[in-house]
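One chain, chain A, appears in both complexes that follow, with chain B as partner in the first and chain C in the second.
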Partner chain A sequence: MNPTVARLTVHGLLGRRRGLLLLVVPALLLLLAVLVRATKGQDHDIAVQLLGGLALGTLVPLLGLISGTGAISSEIDDGSIVYLLAKPEPRWRITVTKLAVAVGCTAVFAALPTLLAGLVLYGTADGLAVAYALGALAAGTAYSALFLLLGTLTRHAVVAGLMYCLVWESLVGNFVHGARTLSVQQWGLALARAAADPGAVTADVPLSAAVPLLVLVTLAATAAAAVRLAGLTLAGEE
Partner chain B sequence: MATISIDGVSRWFGNVVAVNDVSLTVGPGITGLLGPNGAGKSTLIHMMSGFLPPSAGSVTLDGQPVWRNREVYRQIGLVPEREAMYDFLTGRQFVVANAELHGLPDPGAAAARALATVEMEHAQDRRTGTYSKGMRQRVKMASALVHDPAVLLLDEPFNGMDPRQRLHLMELLRRFGAEGRTVLFSSHILEEVEQLARHIEVVVAGRHAASGDFRRIRRLMTDRPHRYLVRSSDDRALAAALIADASTAGVEVDLQEGALRVQAVDFHRFTRLLPRVAAEAGIRLYTVSPADESLESVFSYLVSA
Partner chain C sequence: MPVPPEAATAPPGTGVIHDIGYRPYTGPRLGRAHAARALFVQSLRASYGLGRSARSKVLPMLLLGAMCAPALIVVALAVMTRQDELPVDYPGYLANTSILTGIFLAAQAPVMLSRDLRFMTVPLYFSRPLTRTDYVRAKTAAMTAALLVLTALPVVILYAGALLAGMPVGHNTAHALYGLGTALLYSVLYASVGLVVAAATPRRGFGVAAVIGVLIVSTTVAGITWALLDGPGGSGGADWASLLSPSTLVDALSGWVFRLPHQDGPGSVSSGAVGAAALLEFAAVAAACHLLLLRRYRKF
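Here is the complex of A and B:
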């Protein structure tokens, strides 16, 4: 970890208007949770639908996307990354620091709101809220690493990331059952199932596959991003 | 004392050759890298600063390869051409951050020293986003100087500066050169380079066109054959009178244009000859325009010289 890199990254991520944007989506989730609880009461099915579909299925990938790509791609785009890289600091350390910031951001703006929404919707019953928050945290970490890598690979990281979320995780995952094995969202869900009381959460991927895959994807994406950053070239402006 | 050696370096992007078999050495003192836009100056500087691997050849700093070698940044200060520099920070925060990233023992003091060197203390607590182009350039300089590097690489540092800022930066670079640092800056303006650098490296279309003392380069540039387009009241009579003098190598009557195309070999003598000859023969000159004064043609002459 490099505190200077962390400071600059946090500033870049939360500064300007992006910080507000990061608050809007979790605020919507919480608002919805309050409304549902007020009108429908404590309903297991609705809680699972909201936490699985909206929190884990939408909020977490979205925040992972914003913070993962936001932690690096704007600096690469405008060229200011030069000031970080033209230093004796090892580039893997810069990568890991940026990932830590992105993960922290996902934790605060996605996992924490998931926990709060779960508590509002279903209280502490079945360990549902904590389980989904745990799933959100793990999935958010993997998403952050994946999208950080994407940010170092392409200028169109946000679009590419959205395509992945929409096409692969939502579309293909819904129709082709086998594709779910390779879905970060499903891995998070598997973790939630294991953490909750038995039968409270259903998931398609066994925990024995989800955990190694989560770890593998996170580590591999981080390593690849570090390698990519170590060989980053500047294209001429001419 | 630090020396950058570029040895047989080429760099291509797909089918485009940006730098073509360039070999040169940059030692202590100020070196100007001169060339028209698109000549490959930035590509060379990117390779010297470790942000681009050469496709062929080697770029080394005191014998150490620059590419994928983060240790060289202890010696290199880089002033990039691009403007972006964390606009949300103040000038001081930006320079302090650079000092911290270098792992300096007292980043605050180092930053204060660098900001004093570029005379930016008066604006150091303003956000860099509010700076003028010249102020940005100076703070970028401060960030490159903060670790007291032996080598300073500047990519088009004078772009967009007003004359006063330009003078100030020149003075600063002269001081670094006099201190024995290796200073290299790129520019596409000859006057800028010769005011500052005794030693000039010229690149044109990716090739190393000329190298040496600025006087020699200047002479090469003014002594080249000049082409003029001349319109007068009697083109043929003027042509006859001009070709008689040793300062011209060729005169062509361009019937379509209705003008003379003159190739002069002795620039100074020709500029005195033309009005005199015309006056003596009672010919009126309507147009005298240089046909190849563009920087590109001056440079391309150098390539073949």
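Here is the complex of A and C:
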């Protein structure tokens, strides 16, 4: 961890009103949660739909995408990364710092709103709120690491990440059940299922597969990003 | 060294302007309309990576392929199993693949605008006869046309396959036209919304995320609101939820305009009031986006 790199990354992610824009979706989630609670009361089905669909299914991948790629690829894009790489600082430490900022960003803007929305929707019953927040935190960490790696690999990192989230996890996962085994969202759900009371959350991947895969993907993506950053060549804008 | 004639005749102590042979442009001046048309063609080609490096062709062509591949598979299966009707209706195909349309918009709308903003080429455009309105119109038209190519091509493939398989011509022609109408609705609305969001940020990555964020968050919110209002198999009051997101708005509008069979889910219309409201909202959103874009470019 390097505090200066962290500060610069935070500024790049949240500076110039971008932080306010990141607040829009969590605010929408909380607003919907309040509306649902006011009209339907404590409704398990719609709470699961809201927390699973909007929070874990949309907000977490979107935030992971913005913070993971935004932490590094905008600097690669405009070439200012060379000033950072020229400093006497190990590349792996730069990667880990940027990842830590991205994970912190998803925790604050995705996992925390999920917890609040869960508490508003369902109180502390069944441990639903905490379970989904835990799932969101784990999935957000894996997403951030994965998309940070994508950010160092390709200039189209955001689009490639979108293809993974929307096409693989949603579209293909809907038709081909096996595709869900390789879905970060399902790993998060498996974690949520384990943390909540039995039967409160459904997930398609067993916990014994989800946890090792989560850890493996996060560590492997971080290591690969560090290696990739060590031998980075800069390409101009096309 | 010979002294130029102007300098020789000039009184000493005063400056002279030498004629060193610069010539002004004397060819035909093609004017504003031609410039706007050229900008349209160039932007449309660039949105598919034509006239650019191979690397920038990969993504749009991949998405175009992903959009058409299921249509080819559907047609091939329908021909091989000798069905007398396509398993999916033309507008329904577009609704099912609207995620891909959204990804294409998210990937290409920032490319269309943010490069000009980031490298400050916009002021150069406006130092020519091209006006701000021309620029916005040309870019909007190019984005709409690019999306229309993406959405109309699978409809054409399905239609051609249906005719080749000897399915009823009248029914298929009518429904293929509905499909093309839906494709146009998608293109106009998505292009307007995408360009407004993309124009707000000169950074490409944030632009991509912002465009797709607007599309998928609003679609998810529409689905949840639909479930909240009266749930599956309800009275139809939940159809108002269709107005909350671009994709369901287009589905509702095309279902209403083309009198398609009622489906259960967000994006369906059961009453004329919802359809009329959808039409009104469609027009209002498209107009508002155009005005916002004009406002964005006024200060350059």
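We adopt the following convention: the second predicted complex is superposed on the first by the 233 of 238 C-alpha atoms of A that agree within 3 Å, B and C clash if a C-alpha of one lies under 4 Å from a C-alpha of the other, contacts with A are read in each partner's own complex, and residues count from 1 in each chain.
In this text, a contact is a pair of C-beta atoms (placed from the backbone, for glycine too) under 8 Å apart; a residue touches a chain by one contact, two chains touch by 3 or more.
It should be emphasised that the depicted structure is a prediction, and the values quoted were computed from it without experimental measurement.
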{"item": "Combined model on chain A where chain B meets chain C, clash or fit", "value": "fit"}
{"item": "Partner chain(s) touched by A:79 [first = chain B, second = chain C, both, neither]", "value": "first"}
{"item": "Degrees between the directions from chain A toward chain B and toward chain C, using C-alpha centres, nearest 10", "value": "70"}
{"item": "Contacts of A:25 with chain B and chain C, given as first, second, both or neither", "value": "second"}
{"item": "Touching partner for A:70 - first (chain B), second (chain C), both, neither", "value": "second"}
{"item": "First, second, both or neither for A:93, with chain B first and chain C second", "value": "neither"}
{"item": "Contacts of A:44 with chain B and chain C, given as first, second, both or neither", "value": "neither"}
{"item": "First (chain B), second (chain C), both or neither touched by A:230", "value": "first"}
{"item": "Lowest inter-chain C-alpha distance for chain C and chain B in the superposed arrangement, angstrom", "value": "6"}
{"item": "Residues of chain A that lie at the interface with chain B and also at the interface with chain C", "value": "237-238"}
{"item": "In the complex, chain C residues that touch chain A", "value": "52-53, 55-56, 59, 66, 99-100, 102-103, 106-107, 115, 119, 203-206, 208-210, 212-213, 216-217, 220-221, 223-225, 227-228"}
{"item": "Of chain B, residues touching chain A in the complex", "value": "13, 18, 37-38, 42-43, 46, 49-53, 68, 70-71, 73-74, 76, 78, 80-82, 84-86, 88-89, 97-98, 100-103, 143"}
{"item": "Residue numbers on chain A that touch chain B, as the complex places them", "value": "2-5, 7-8, 11-12, 15-16, 78-80, 82-91, 230-238"}
{"item": "Of all residues in chain A, those that touch chain C in their complex", "value": "18, 21, 25, 28, 32, 35-36, 39-40, 46, 49-50, 53-54, 57-59, 62, 65-66, 69-70, 73-74, 77, 156-159, 162-163, 166-167, 170-171, 237-238"}
